[in-house]
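What follows is chain A paired twice: with chain B in the first complex and chain C in the second.
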Partner chain A sequence: MIVAGLMPQAEFVHWWFATGFLMLGLVLLAEAVVGPEVWRKRAWRPYLWPSLCFAMGILMWPVMTFFTNSAIHMVAHGSWAEVLMLCGAAELGVARGKLHSQYWRLTSSLALVVSGTAFLVHEQNAWLFSRAAFLHHTLGWTALICAVFPFVLAFRPRSLVAATGFATFFVLLAVLLYCDRDVAPVFGHFSQFAGVPHR
Partner chain B sequence: MRRALVAAVLVALAVPGAAFAHASLKHETPSFGEELKVSPRRVVLQFDQTVDALPRGIQVLTPSGKNLAGKPYVVTAQRQLVAPVPKLPKGAYTIRWQALSNDGHIVSGVYTFGVGVPAPPVTAAVGAQGPTGTEDVVRWLYFVALALLVGGLGFRLLILRGPLPERAERRFFWVTGIGVVAILQVGIVAFLLRGEDMLQLPFRLFIYGDLSPLANGTRYGEAFIAMTLGFALTAAALYLAWLLERRWLLWLAFALGLVFASGLSLSGHSAADPPHSWLSEVADYAHLTAAMLWVGGLVSMIVVVWHGAPELRRTAFLRFSRMATVLVAVLLAAGTYLSILRLPHVHDLWTTGYGQVLLVKLSLVALALLWGAAHHFLAAPRLAAGEGGTLFSRLGRSMLGESAVAMAVLLVAAVLVDSKPPPQPAPRAPVAAHDPSNSLLQGARTRIVTRENHPSNSLLQGH
Partner chain C sequence: MSADFAHELKRHEETDARDGLSRVARARIVLWLGPGTVLGGVLWAVLQPWRLTLLHPGGQGVWWLLVEPPLYVIAVGLIFRLVIAPGVAEDLLDEEPRR
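And now, the complex of A and B:
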């Protein structure tokens, strides 16, 4: 009960994770812009985004356990925690040289498919039913479509388009999570059936 | 212009709004698990968004399942859903609620309160059926996963100690990795099953059901939160131990596993059902830990050593044989103490369901102990004398059999944990002889004690 009193608003938590995803996207974008050779001139750089991804996966577990106001949210947050950890772990293993097959990079693709599916399964209404529905659909389909980028990277690691697309996905994800505001002018109430705006 | 834009963005980010989630219950009257002195006049549920009322939006149920609440209505300005109630007599009540969220989803929940009596736990809400056969299987899988993780780590650090051949090391990380991932997955499934029983909703509504009374209002829920977070950290430590090849990270994972496994003991019968004490909790934890180390060690011996590092078979077997003696002693001592504590009479062993399951478990444990004793007293001396060859292959098959019996013990243990021990006899109060008023008092006390022992009042039904 003490914990319940200290719980931040769900929206703030979304924004914290948006910030994390923004950093992730910018790091990936920097790597795509300068190219892998330049990027790896510092030994720690290849570990940067996988570590961030892994750490965000660990941080997602408290979100899953403390926000239990609906079962589907709990399951969705749990699946995101797991795929973030899995994706970060596989990329760290490849960066460290413990995993040798480049096909381990397919875990990033799997992570996006699972994440996108979780968003879409979680939303039962049509796109324009409400701001929430619009965001859920956009996030879900963006993740599913962008899963093609890490898929291509597993087979063509030097593909500039795939690397840029993968990085842009995280930036887009961050923007969409930042839009998680009830009175946001762009994503306001589309439908009167969604109830009156109350903030 | 640019400054104004930046300022506008910062202001926009700083103003909190609702999450793009369904309506959440923020405050309720009566509150979760509250013991009221007098009957409430109405039930008020306040949400973080406006909601629409549904026909049976709030039900106030008596233990017999009769709904006493009037027609619910919405107070839009306050974001409240309200239902009037008549004057409630003394007793325990269950509130089941449903509301149409702004995003079109029906959100649901359940909680309990009492008028003049303590509120029952939410797991004993009206309509909840208690643990099912599926939950027994899920709990068994949880025990197996815990054994793989804790027992595997213990085996690696206490028995094998030094560096391992690459194949054996890989097998060790597979065993413990499967264990920790399974703990997280099975733990979530177990929590959802308990929530489903509590809410008693069809699946399409259950997925939007409010599980927070279970998560925050019961020992089971608190243990779920602590154990999920703890084992997520354990998974991270185990992974980093593999990645960085740092032994201290394995010790960290082992310590975390041991610490957070205590969540089972701190939320189970030994912590919740009378007569519980710190000693019963310690005994339960010792029993659990010894079992995990024994069963997990046995599995690791077969998977990691027997098939991954044949050159270590002799050393590992002799060391494990010594450690198993200590583990079995702890297991038996703690198990005997807990059995005496939970079964007030010897005849409870064959007259109650709990006792009968315990008898099955004791039979299987006896079989496993005989098997282990044969290894300790017959096989170990021959190995110590330098014998090998066919003995190794026979021992491998024999340990596989012992592991199968150990798994069966864990299955029966899972059923036992989900069963309710027989009630404890009421303590006798000193009563002055031949005083009729004191006799009445004695009768009242007995009734109160009986109510406290009723299964519906246990903190965690079947746990």
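And now, the complex of A and C:
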């Protein structure tokens, strides 16, 4: 009970991750606008977004441990942690030159497919059950659709549309996560079974 | 046609989308990403002032005082603008123009 009182609410954790994804989105947008050659002119820059991605994967593990209250919830958070780390590690390997094939970029596409599926599978309620349910459905479908961008980047690494689309996905992800509340209505709809809304 | 030349030609074909914008315009976009984000955070703070519990700290728990999402957005924009964007814009403007 004391520990529960000390723990931050789940929505706070969503906002922290939203902040990380927002930074990730801005970094990827900048890379998309200037192109990979200019981006690689400083040795540390290619490591920037993969490191952020990997770090967020590591940070997802304590979220899985302390903020999940059902098996399916735990599996979903665990899968996000795994794919964030996989995607970050593969991109770090490519940036360092340890991995040579451009097809390692497909791990980003895989990460979005797994993440989107996890969002959709672990949300048991309908779209308008509550704001969290609506956001889970929206996030899931957005991730699945946007998986096409890193897929295209694996075959056409210089595609401006694919790079911008991939970057915009993270900005959108951040906006949707910032919209999250533990218990809140969505578009005036709110199930009586969702709990008591606050602020 | 040699493979190297064909590859170079292909690379130039694929850069067309970026070449449509001048380097100065692209540098401006990069430099405005940060301020644009800051503006988003400020607008959010104005539209939902209750999200900034520091403005009315009475009766708030420690987490509610530490977690200020509009300020996070502003912080991300500032960090990007001050730490990342200047170097990117500088490198872009220093780039040799393509023939």
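In this text, the second predicted complex is superposed on the first by the 174 of 199 C-alpha atoms of A that agree within 3 Å, B and C clash if a C-alpha of one lies under 4 Å from a C-alpha of the other, contacts with A are read in each partner's own complex, and residues count from 1 in each chain.
Heads up, the rule we're going with is that contacts are C-beta pairs under 8 Å (C-beta built on N, C-alpha and C of every residue); 3 or more make two chains touch, one makes a residue touch a chain.
Given the structure is predicted, the values throughout are model-derived calculations rather than measurements.
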Chain B versus chain C as contact partner of A:27, first or second or both or neither: second
Partner chain in contact with A:178 - chain B first, chain C second, else both or neither: both
Partner chain in contact with A:161 - chain B first, chain C second, else both or neither: second
Touched chain A residues, chain B compared with chain C: B
Partner chain(s) touched by A:153 [first = chain B, second = chain C, both, neither]: neither
Partner chain(s) touched by A:15 [first = chain B, second = chain C, both, neither]: both
Partner chain(s) touched by A:113 [first = chain B, second = chain C, both, neither]: neither
Contacts of A:52 with chain B and chain C, given as first, second, both or neither: neither
On chain A, the residue positions that both chain B and chain C contact, one per complex: 9, 12, 15, 178, 199
Of all residues in chain B, those that touch chain A in their complex: 12-13, 15-22, 24-25, 49-50, 52, 76, 79, 102-105, 107, 184, 188, 192, 195, 206-212, 214-216, 221, 224-225, 228-229, 232-233, 235-236, 239, 242-244
Interfacial residue positions of chain A with respect to chain B in the complex: 1, 3-4, 9-15, 54, 58, 61-62, 64-66, 68-75, 78, 81-82, 85, 89, 92-93, 96, 98, 124-125, 129-133, 135-136, 178, 180-184, 193-196, 198-199
Interface residues, chain C side, partner chain A - complex: 11, 14-15, 17-18, 26-27, 29-30, 33-34, 37, 44, 50, 63, 67, 69, 72-73, 75-77, 79-80, 84-85, 87-88, 91-92, 95
Contact footprint of chain C on chain A as seen in their complex: 8-9, 12, 15-16, 18-19, 22-23, 26-27, 29-30, 33-35, 37-39, 41-42, 45, 48, 156, 158-161, 178, 199
